[in-house]
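Each structure below is given as structure tokens.
Next, two complexes with subunit A in common: one pairs it with subunit B, the other with subunit C.
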Partner chain A sequence: MKIFQYLSSLNQEDLDQLYKDNWTCQAILRSLPPIGKQFILKLLMIDSIEFEQTKIWTQEISNQVHRETFKKLFDLKLLTKNKTCIQLNSIFQHNIKQSLMDMEHRVFSSDTTVKELKAPTIDELDQFSKTQWEKVLYLLSDEKSDSIPLISELLQSSNLTSRDGNGQLAITSEGFKFLLKDIYTQIWTLLIVYLDTIEKKYKSRIELLCFLFKLSFLQLGRGYLVSELTQLQKTLLTDLKQFGLIYIKSNDNPYFYPTRLIISLTTGKTLSLMQDIKTEQALSQKEQGYIILETNYRLYAYTSSSLQISLLSLFVKMLYRLPNLAVGIVTRESIRMALIHGITADQIIDFIRHNAHPNATLAGTPIPDVVAEQVKLWEAERNCVDYSKAVLYNSFPTLDCFNATVKYAKELNLFIYSNDSKKILVIDESGNEPIRNYIRKNFG
Partner chain B sequence: MVIIESTDEEEYDTSLLVIIVDTNIYSWGNRILQMSNKTESTSSTKLGSSLIGFNTFVEHLMVFINLHLMLNQENQIAVISSQIGEARFLFPEPHQSQSTKSEQKSIQNIILGKLLHLDTTIKETNQESTSSNFSAALSLSLCYINRIKKEVPIIRPRIFVLNISPDASSQYISVMNCIFSAQKQSIPLDTCILSQQDSTFLQQASHLTNGIYLKPQRQENLSQYLISTFLMDTYSRKLLQCPTLKSVDYRATCFCHKRIVDIGFVCSVCLSIFCSYSSSCSTCGTKFSLKIEIPKSRKSLSQPSSQEQPTNNKDKVEY
Partner chain C sequence: MVHVFKGLFLECDPPTKQFLLFVSKQEHFELIDIDETHLFLQGGNESTIATIQRCIDELQNRNTYSVFDQDK
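The block that comes next holds the complex of A and B.
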């Protein structure tokens, strides 16, 4: 997961600081891979163990997993090695043990969960976080949309968008790849950039991280008192609202509501909170396939989401827009525009394949071969110049010498270019030595 | 929203753990007697396993439950008590769905409250049988798993039995039926035996369902056993080493007197087991026409034949 990469990059001090927070420890424990959890559990109640002895924990066939898991735990500084023994990070160990004995499990004190009169329903919260996050993605694909200053700044500093020649913001190749990832990876990518900016501003990314982890233990559909938070956390809250992670009605409302996004952020599972899995699956299925691409380069997108349409318009020339359908055509120009932005042909083909309409997938190929090939050809068109390092030989003494050298170079497969009238020979850089020796030996 | 599923189905460790706790008041009462005897005889048998009482046991169990819920946000739990004459849900309560674990804090409190309540109810009922109704508890848990599986198809269920009472051979048939149904749905049945005798039923159960069977030697460290062994989710079990049983007691119980038999009679039609010969099968009604008079003779007809000599242990059952 993205967050682990980030945590692994922190130094020992910062991590120790982070592990001082009880909720953070729990959040990290539950987002570890299953085997990692089991290793932690085995070490939880003991002081230290010989590293050699841990080998018998895993079956022999899964040695690979064993090594990888240990590496991960060491990277996160959850395990420390002392000569031949390993032991759990003592702060982490202490905190997990503490929370085992805790029967209350309260993130914030109890009176924070008083029901507000007009509390938003879970559906409203979902809707809010969804539209909010779509807005973020929308910023990526459509430069003309109303920008949210914080988000567009983050997008730029994370290299997902960049200013082109005209000073217009445009999506980069990175940004396109970003759009293909699942929502939690997307959120973490932005959050990590956000963490870095916070670090520059307030020197408090550890506190923010703890806060994020803590928020993931809250209950969906419940309100929590803003006044319980520290000053810094309050400022963070308004930023998190822009990501769609937190819902607050207005800035002076006394309650804030966590959304599904923040609650399942640490587990990183799109399928969160049991009861809605079925509906969510149905939804995501509906959302997934919407593109039909025909052999005549016409593209039909059964969608009403302006985000999806603006994504498509990155490489498709849109023709008409109907209530539930958008029609466009793939042209050389439209593909070239995308290529100029740094989006590759493979990315485009992958995108169409992943979002193909179920009927298109049923019929056989989600993307007709002729179109896929043509897109690749259009890409190859831009790459008709091939660079390679070379050496130029000129002023050969005689024509014989020139011809013999050309012949020799061709034999060695080093030949690139030659001109008889000017007696010029260009060969591959690696061939400099043998060719020079050959000339010296025979004509020198 | 552009979501591309990147869920590694394999790495999915969300599990539903159904814990069957043996709360037989007689067994736990006996335990107190054993423990006081032990202290009197001042550790003359130090090698024997150290025992724990019910209170300590509940403490260990709570830690275990806590940790299970901590491991994964979507982990679910159900606790069923198997007690004298009946089985009951300790958690969740009948009309409270798992998803409203809004008061996660009170899972422990609910269980504790129910356990306190149990004690008094048992004192009032004065039943003749003193064995816990394990088969009922097992059926309840299978039904519950079935229900949750329908709601959440991706969850991985497993059953964990904490047993202290001896096997009640009268429940053999129903227990075996439950075991086979668990086996069919590939639900592992883990067992932790807190008494000193092995349980034949549970050995077979764990063996058939690929579960873990463990009889902790040092019960004062029960949570360590629970944490390091019984918290393993079904995914990790494929990769990690689990304790295995060296030998399994496969003896069956006869259908007529519910006795555990080494050697017995088997109906050739329905495979019911009997400890003594009768002229017709009580399960399927098949009439056995052949009378067996000479015990030593071997008759391999399609009739039940007898094998009275206990020396021949190779073929416990013959047709």
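The block that comes next holds the complex of A and C.
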């Protein structure tokens, strides 16, 4: 998961600071892969163990997983190695023990006695977070909208969009890859950039990380008191609202409501235990693909979302739009525009395959071969000249001199090309000095 | 004595190579003709390669005929 990469990049002090928070420890524990959880729990009640002994924890065939898991735990500084022994990070260990014993612990007290008059329902919260996050994604694909300054700034500093020659914001190839990822990876990507900007401004990245982890333990559909938060957390709250992670009706409202997005942020799944499976299925139904691409390059998108249509218009020439359907055509020109933006043919093909309409997938080919091939050809014709910085040698006095130099260049791994009949040798740019010296010394 | 040239080593298909030779006369590039598919651009840098890319792009645009053009 994205967040683990980020945490692994932090240094020991920062992580120790982070592990001082009880909820963070729990959040990290529960987002570890099952085998990681098992290792942690095995070590929880013992002080230290010989590293050799851990080998019997897994069967030999899963050696690979075993090693990877340990590497991950070491990277997160959850485990420390002392000569041949390993032990849990003592702060982390203490906190997990603590939380096991104390079941009554609450993140924030939710005041259920004073019912707010118009508390949002779960559906409303879902709707809010969905539209809010769509707005964020919409900023990626639509150059003109500058409606959420914070987000568009984040998108720029994370290189997902960049200003082109005319000062217009445009999606980059990174941005396109970003759109292909699942929503939690997307949120984390932006949150991590956000944390970095916060770190520059307030020097309080750790506190905010803890806060984020804490929020993921809240219950969906419950209101929590804003007044219990610190000043800094309140600032964060308004920013998180723009991501659709938190819902507050207005700035002076005493309650804030977590949305499904923040609650399942650390588990990485849409599944939350309180919800029945049926709603989950209904949710995932909605997320299904919508694109049908025909062999005549016509593309039908069964969607009413402006976001999806504006994404498609990055590489499809849209022709008409009906209430639940948009029709477009893949042309050389439209693909070329996408390629100029740095989007690759493979990304386009992946995108279509990823979002193909179920019926298109059933028929066997979500994207017709002829179209896929053509898109690749269009890309290839833009890169028909390969070039590399190089140094060329010619007019070698003798064939021996030429052959010896070629051999020497090959030994040094600088060789690019040679032509025996014309006695031409091309080597990498960096190799000019050694080759020149070699020729001067032996044949000069 | 051995001659040394710095620049860019280009690799492309034979028609493109001929086109590049043609372009080099117009734009006054110093091209060394190596073989059917290889050229050496003396003193080449990012901006010359950009010019070359642009010329190729224009050529390809001229030679593209789309059925969908009639739809417009």
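Worth pointing out:
Note that the second predicted complex is superposed on the first by the 370 of 444 C-alpha atoms of A that agree within 3 Å, B and C clash if a C-alpha of one lies under 4 Å from a C-alpha of the other, contacts with A are read in each partner's own complex, and residues count from 1 in each chain.
Simple rule for what comes next: contacts are C-beta pairs under 8 Å (C-beta built on N, C-alpha and C of every residue); 3 or more make two chains touch, one makes a residue touch a chain.
Everything quoted here is computed from the prediction, not taken from an experiment.
In the superposition on chain A, contact is made by A:K389 with subunit C only, not with subunit B.
Legend: residue contacts after superposition of the two complexes on their common chain; A:E174 is shown touching neither subunit B nor subunit C.
By the touch criterion defined above, A:L137 reaches subunit B but does not reach subunit C.
In the superposed model, A:E228 lies in contact with neither subunit B nor subunit C.
Look at A:E153: by the touch rule set out above, it reaches neither subunit B nor subunit C. Contacts of A:S99 after superposition on the shared chain: subunit B is touched, whereas subunit C is not. Put simply, more of the residues of subunit A are touched by B, taking subunit B and subunit C as the two choices.
With both structures placed on the common chain, the touch criterion links A:Y417 to subunit C but leaves subunit B unconnected. No residue of subunit A is contacted both by subunit B in one complex and by subunit C in the other. Those residues of subunit A that touch subunit B in the complex are listed here as 26, 29-30, 33-35, 37-38, 41-42, 44-45, 56-59, 62, 65-66, 96, 99-106, 130, 133-134, 137, 179-183, 216, 219, 222, 263-264, 266-267, 269-275, 277, 284, 287-288, 307-308, 311, 354-355. Here subunit B touches subunit A in the complex through residues 1-7, 11, 13, 62-63, 66-67, 70-74, 76, 97-99, 102, 104-105, 108-109, 151-152, 154, 223-224, 227-228, 231-233, 235-236, 238-241, going by the rule given at the top.
Put simply, subunit C touches subunit A in their complex at residues 1-13, 16, 20, 32, 34-35, 38, 40-41, 44, 49, 52-53, 56-57, 60, 64, 66, 68, 71. In the complex of the two chains, the subunit A residues touching subunit C come out as 297, 329, 331-333, 381-382, 384-397, 401, 416-417, 419, 422, 424, 426, 429, 432, 436, 439, 443.
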